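Common to both upcoming complexes is subunit A, partnered first by subunit B, then by subunit C.
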Partner chain A sequence: MTLPFSYNARNVVVRWRSSAATVLIIALVVAVCLILQAMAQGIVSSTSATGDPANVIIVRKGSTAESSSIVTRTQARRIQFLPQVQRDERGDPISSAEVVVLANLRRRGGAGEANVSLRGISPAGRALRPQVRLAEGRWFVPGKREVVVSRRLAPRFEGLGLNERFKSGAHSLAVVGIFDAVGTAFESEIWLDANEARSLFDREQFSSVIVRVPSPADQQAMKKSLESDKQLRLLALPEPEYYAKLTKSAGPIRFLGYFLAATLSVGAVFAAMNAMYAIVGRRTREVGTLRILGYPRRIIMLGFLMEGGLLALAGGALGCALAAPFNWVTTSTISFDSFSEIVFKFHITPWLIIQALAFSFAIGVAGSFLPALRVSRLPVIAAVKAV
Partner chain B sequence: MNLGAFILKNALRNTRRALLCVLSVAACLFLFVSLLVCLRELTVPPEDIGASLRIAVRNKVSLTVQLPARQGPIIARVPGVAAVTPFSWFGGQFGTEEGTPFAQFAVDPAKFAAMFPDMRLPADQLANWIATRTGCIVGRDLAEKKNFKIGSRITLRGSVWPCDLELIVSGIYDYEIDSTSLFFDHKYLDEATGNTGTVGAWWVLAENAEAVPGIIDRINAAFANTSAEVRAETENAFRMSFVSMLGDIATLIGAICTVVVFTLGIVTASTMSMAVRERFPELAILKAMGFRTRELWAFILAESFLLAALGAVLGIGFAIAFYRSPPVVSAMSIYFPVFEISPRIMARAAIVAAGLGIVASLAPAIQVARLTVVDGLRTLD
Partner chain C sequence: MASSDPIIRLKELTKIYQQGEIRVTALDGIDLDIAAGEFVALMGPSGSGKSTLLHIVAGIDRPTRGECWVGDIEVSRLNESQLAEWRNHTIGFIFQTFNLIPVLTAFENVELPLLLTGLAPRRRRELVQTALDIVGLSDRSRHLPRQMSGGQEQRVAIARAIVTDPPILVADEPTGNLDAHSAATVMETLQTLNGSAGKTIVMVTHDPRAASFGSRIIHLEKGELIRESATPPGGGTPA
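Then we have the complex of A and B:
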């Protein structure tokens, strides 16, 4: 003989006043933890959405970021003319030797500064990244000290808006276009011409080379031929694979999220326990009656566990609703991989929501365990006589 | 029975509820204290006395762009400069660990002792370091964590610099603000890269604090319109520039602190209103006996204050014990070399707890004030 589910469900609804505080506490806890996880997920999502599987990126072996990688000009030329690299209609290899320099720029509306990635690209660099599209203005003309800026970066730093100018070192650069790089790591970048970047920032060598190698078999062959030459000390990776690893900054944020979840859930369990003791205390007679009607102890206990879980689940759902608007918010922090500013959106995935709801349900069940045990163990007569 | 005993008895008559509330408050305050320390470590870099005399010089483009080594002698000739050393971040990988497990800098060992007077390194170890081209010194905490001893060999694989280094530990230093770094001779780095021409940054020591602004202006001017313009700033300003790079993290942690405090408020307030509601009949009797609303509020206030205070003692006390325990200290040292709960932070947590006690007593106090004796006596639980 089981208690109908609606008995407990209706109890949560009818007596909502007495448990509103608990629901609110759980909602806040869940919202805070979810927002932190969504931030970490945002970093992961932006890097994992970057790159084209048909592209191979070549960097110096051992370098952790493009900005600290060195590919000499001789090496770059050799890579471009490898047989696996696809050619365009004119017979030129589709490849881009690039330079990544970090420039310290001033944030808008404050005294702070941060490092921003400037990427110098070769003419084929745009064709290699179809994800990046011009949104406003025009593309830069090499040699005229012009740059294009990501739409997300432009409002965050001084002088990065369309038709504005900014200084880096001794040079003044003009922003002639704004590009859209929907949800990828390129959203944190400024693009200009590679050779111009080399001369502006006094760089003899390139940072990386990106080549179009559509077939996975060719990619493997190319990787082998480059990496077997120990003199070169180069690393070749499919572009998505390279970017997917740049998630070091997500680690501490995720850790902070877990730490918060652990400590706050302790507080929330105690608070929920308090509320559940009060709830079961008020219903002692009701429980006695149920026992007389023939409901066994463990069914009653189960019922109260469900009730605590449902209550907390309501809190969890409220928490998710509170956190939901963050899904459209853009934020920024430093990348521990490249030491530059990364701009990304909080990303609340369905999986994170499921985790959040499961977490809240667990808080509720944990908090109602002892109260449920107590009330189900009361002797029937004492329970019925209780005031 | 005096008043104190009356309040205490009241607070503890539902021991379980009082205990749960105290524990809940303690957990939240523990978190609050942790976040505050975290925020302070991120936004207020540690300072020592010598810092006011030190100037950091980096490439104007950004710290990651190298400077030409020829700048060194030019900076050394600027009036008021006592010493100059290169200061290059090596960022090597160690052992099988991913990324850079500890900071490594290439410096000039001969200038080092003068540059960081608060750093304690035995004279013989310093002499040994200066004499050994491949020598390095490591911080006490790092040495203990990685089991480095004098004479240990350390292999670092370069990630920023295209070379690997084979270092020998010449000395172990003690330094309050940073005891987890490794310093080695810049000449060895030049040798390993085969490039004597570049450094990451310069560290400059001024003869006295008054000379600092003048030196900064002169250094900036000395390299203006060259291919490597520099930005000279005090060491503290340099450290502060990292705070801004963290972006929205600091704001986020601050916002979380606020939410935690708000949650704490709800926890205590709901406990207090539960406690007071079940006591309506007695409070009505007290009213009938002639106690005024003001006095009844004082009872409630004292009780909620007591709960909050117990929670604060437990939460802050646990935080202090937790963050001092050796396993936690060594686990935290990667991100936070110093994770100390300062008196100021304790005071802030205590103030929050006190505020909590007051806020939590307000709603029940209003209920009691509105309560008429007859209604109160009629209340059934």
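Then we have the complex of A and C:
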């Protein structure tokens, strides 16, 4: 037993002009919050999409990122020859001992400087990441001070374009190829040969070792073998699990999103309340009529709560539309894990849209509560005589 | 055709409005019986208490003292939610200003009281169609109020008032906003509902021609009944 849905829906449509300002305010609030959440989601998506379940990454226990991890050459050799590591057709272990260093580079357009991750990979490093494909140019040749750069990073920093050169410390490096890392964390990296990286950046040790261990049982056995040796102090994790943990950078953005949602929603609730007071004021006699026809107070109240919710839902839908152009736009921030530039895309997921719409509906319902309560509690005779 | 049993019985009905320091007595100890099937017109100058009396009978206002019985129910003893339910199936209310919901079609306006009854949608459609047929507007069922004339709007309001088949119709100056032709059509419809369907009708009016459609005219002044008169048979029948 309720008022017909068409009654509330048509009233929202018919009176859209008088409610337009409120709809717009709610739309802006929803758009801002959605964009921030999409940003956080983009970071999470780029890191959680990285990693192959058949790969295991080994880093130093307690390190927060590869750039702060140390795996000695002895340890790297021992890891390579563990029995669980898959071998290629020549019988060599599919393993890449890698070095990750940070280089301070100048942004294009004089927009300051930022740290960028340089990853030195072993020959098997590419085979371990088949999702990373060369898009332009060629792969680097070890020993020639050549690098390949992610397609997302190339346009953002000076000297990272194809056939350009950039300086890192005293070394000048040539960009000979551009790779595409399809939305993974590698989109924020520059790749070169691991031994050359160690030599250029004076690194005795490696940062991490990535090995191909397809069987989950073998992964567990390897993990047990490495982590039970207290002297090694190494941590072995399947790649997806490792990257899923590197989402610290999303935390503050997500918090900002929630904080702004909470503070801006107060203003939006008042805007909705203002609109609903005007709406119920104009329709008091209509309410009186409904009461005379037999509609009890709770149904009248529910109807106006629904109407406020619908009005705000229209604002929410508009807010989603305003935020939509940001979807898949590439941007960057500083990683709180590695303190390097991470490039990612805004990602508006269906779940974020559902959350945004639910948020807007809640704003409408909250804003309608007092006006709906007031009009539903008016004496029938006063309501029906209202001008 | 009126039966002798009163369907509405008012005993010592008093309504006093307190406006700051001033007490206004709208009804002053009214005793009145209205038999089932009667068509009663309440007349009197502005402020005589006729609308207040109508509102109390319809259960949308409460007396300060006295009793208002409709059938076996003392209306003034019902609480708000009981009153709402009681109005839905006992009273059909017709307003001077029609009070149709502007965003709903004629059909949807008439259906409104039925949505509270729990009837199946198909049965509701049948009842709405019947009510619109009675007032001669079944061809306007998809029209919005603004697409109809005043007379048509009032007939839709009458359809809405009768769709739940209430025994009593109360009308507050139903012709007050209509031209003479539309007023006559509306009054003929009410007369038919009284004569053929046996509805008890209590109507407030300033218009002697409208009042002449009733079987009894009650005159109020300063909250008191001052005179009753019966209309001659056929009174109000258009020439």
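The rule we apply is simple: the second predicted complex is superposed on the first by the 385 of 387 C-alpha atoms of A that agree within 3 Å, B and C clash if a C-alpha of one lies under 4 Å from a C-alpha of the other, contacts with A are read in each partner's own complex, and residues count from 1 in each chain.
Going forward, contacts are C-beta pairs under 8 Å (C-beta built on N, C-alpha and C of every residue); 3 or more make two chains touch, one makes a residue touch a chain.
Just so it is clear, the structure is predicted and the values come from calculations on it, not from any experiment.
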Across subunit A, the partner (subunit B or subunit C) reaching more residues is B
One more residue to check, A:Ser63. First (subunit B), second (subunit C), both or neither? first
* Does subunit B (first) or subunit C (second) touch A:Leu293, or do both, or does neither? -> second
Exercise for review: Check whether A:Pro130 is in contact with subunit B, with subunit C, with both or with neither, and answer first, second, both or neither.
Suggested key: neither
Of the partners subunit B and subunit C, which touch A:Pro83 in the superposed model: first, second, both, neither? neither
Given the touch rule stated above, what does A:Pro350 touch, subunit B (first), subunit C (second), both, or neither?
-> neither
Which of subunit B and subunit C A:Gly91 touches, first, second, both or neither: neither
Figure out whether A:Gly109 sits in contact with subunit B (first) or subunit C (second), or with both, or with neither. neither
In subunit A, both subunit B and subunit C touch residues none
In their shared complex, subunit B is touched by residues of subunit A numbered 21-22, 24-25, 28-29, 31-32, 35-36, 39, 60, 62-64, 67-68, 70, 101-104, 107, 110-115, 168-170, 201-202, 233, 248, 252-253, 256, 259-260, 263-264, 266-268, 270-271, 273-275, 277-278, 282, 331-334, 336, 339, 341, 387
So, in the complex, the side of subunit B touching subunit A is made of residues 16-17, 20-21, 23-25, 27-28, 30-31, 34, 38, 59-65, 91, 93, 99-100, 157-160, 162, 224-229, 231, 241, 243-249, 252-253, 256, 259-260, 262-263, 266-267, 269-271, 274, 335, 380-381
As the complex stands, subunit C meets subunit A at residues 55, 58, 60-61, 80-81, 84-85, 87-89, 91, 93, 95, 99, 101-104, 108, 111-113, 115-116, 118, 160
Subunit A contacts subunit C in the complex at 1-4, 6-7, 10-11, 14, 285-286, 288-297, 380-381, 384
